[in-house]
Amino acid sequence: MNIIRVQTGDFDISAECDALVHGRPDIGAIVTFTGCVRGDESLIALTLEHYPGMTEREIAKHIAEAEAHWPILGATIIHRIGRLVPGERIVLVAVGSAHREAAFRAVEFLMDYLKTQAPFWKREQRGSEANWVEARESDANAALRWRQS
Amino acid sequence: MNIIRVQTGDFDISAECDALVHGRPDIGAIVTFTGCVRGDESLIALTLEHYPGMTEREIAKHIAEAEAHWPILGATIIHRIGRLVPGERIVLVAVGSAHREAAFRAVEFLMDYLKTQAPFWKREQRGSEANWVEARESDANAALRWRQS
Amino acid sequence: MTILYFAWVRQKVGTGEEHITLPLQVTTVADLVEFLRLRGGGFAEAFGDPARLRAALNQEHASFDAIVGDNDEIAFFPPVTGG
Amino acid sequence: MTILYFAWVRQKVGTGEEHITLPLQVTTVADLVEFLRLRGGGFAEAFGDPARLRAALNQEHASFDAIVGDNDEIAFFPPVTGG
């Protein structure tokens, strides 16, 4: 079973992994990716907004694509919105599979697509300034590689 | 900081991730791999033994190798020994880095090496029979790919 | 049609959502971009450089030559930066 | 020297650890394997097919042509299956 959530509150990685494998004794491998707000000298907070409705559709579509490519047995994607300070968790992608290869590939694929396709936008607050984060070319390139294989 | 533990008891993924990022605001990505005992019709339990001393050395050596290859900021490896029933967690590899690529590569590398180099042995109990698990060629091939790049 | 604006597009145009009846000359996303740009002010700023914009039609990513109609929901936003 | 046995090697030879003084003719891991095999019984079984065995010398993986000495710790075991 797949879980997709967009929420302001935090998540618990262990609890999400437990839910993922619950009643699935065929899962032998769980890979998780957790993204956190990196701190630096001047970053005060990130504020994330998204496109309700489209976000969930996009994520569901990419989970379906991952399921078509690799024998995965469950996926959980949680993305936080609102104001987040350095150190806070932003996103969780967790995938279960029988063997590790499928889970590794699917989590990387889903992260690359979250970064480049899911309608979220980050604004950084530094001092009294707030600026929208620019999309990174490296993320676009990371997503492109899945089209080549 | 790196953590290496061989233990009979379970571990908590969230607690280990929290420990990994504690005081490290430069960590923006955490990737974890958790291995579980897969259940099937006949498997009653796995029993794991290891070579105390060599295990920790081997793991530390491979974490150092991962640190030399990728800009990772912390690694935790926990491997359980003793008797484990289907559904139980066996192994955790968690790596933190600034950006996701390094953590993904390091966790995969460490898992491939744990599978083929760390001195652990599994015995399967099925009905009244107990048999040592054979090493899988696919694991040996997975480890070899890191030598080519 | 419903038009949604996100991130700096929303900030520049000053609203997150509006409902309009499409003028006859607007048949594609590109036509709509031009129509919105000609409103001037924040709209001219937001839609002045279409290369910086992305669009979604009925909650799917869409190219600027996609056909739009009065029953559609369209959204304009910068390249996404989640994850 | 200290000799350790793990997994089915330990089960076949009936012990996990022993301490011996190396006979003069044993200079490599391969020589030691042959020496242990010639003990017969469970040792002959465990060491009859060296291709199925792996060795570690002082807690590092070692090849069968590595040189062994009385102060070394050597371990014999099947290919590992952890993780």
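Every chain is named by a letter (A, B, C and D) in the order it is written, and numbering of its residues begins at 1.
Assume a contact is a pair of C-beta atoms (placed from the backbone, for glycine too) under 8 Å apart; a residue touches a chain by one contact, two chains touch by 3 or more.
Bear in mind the structure is a predicted one, so any value in this text is a computation, not a measurement.
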Exercise for review: Hop across touching chains from chain A and tell me the fewest hops that reach chain C.
Suggested key: 1
**Study point:** Gap in Å, rounded to a whole number, between the CA centres of chain D and chain B
**Key:** 26
Exercise for review: List the centre-to-centre spacing of chain C and chain D in whole Å, with centres computed as mean CA coordinates.
Suggested key: 73
Revision key, fill the gap. Between the Cα centroids of chain A and chain D the separation in whole angstrom comes to 48
Review point. Of all residues in chain C, which are in touch with two or more distinct other chains?
Key: none
Practice item. Return the residues of chain B touching two or more other chains; collapse runs of consecutive numbers into ranges. Key: 35, 111
Practice item. State which pairs of chains touch, listing all of them. Key: A-B, A-C, B-D
**Study point:** Touch list for chain A against partner chain C, complex
**Key:** 35, 48-51, 53-54, 57-58, 79, 90-91, 111, 114-123, 132-136, 139
Review point. Mind pulling up the chain B residues that touch chain A in the complex?
Key: 12-15, 17, 21, 25-40, 86-87, 98, 100-101, 103-104, 107-108, 111, 142
Practice item. Could you pull out which chain C residues touch chain A in their complex? Key: 4, 6-8, 56, 59-61, 75, 77-83
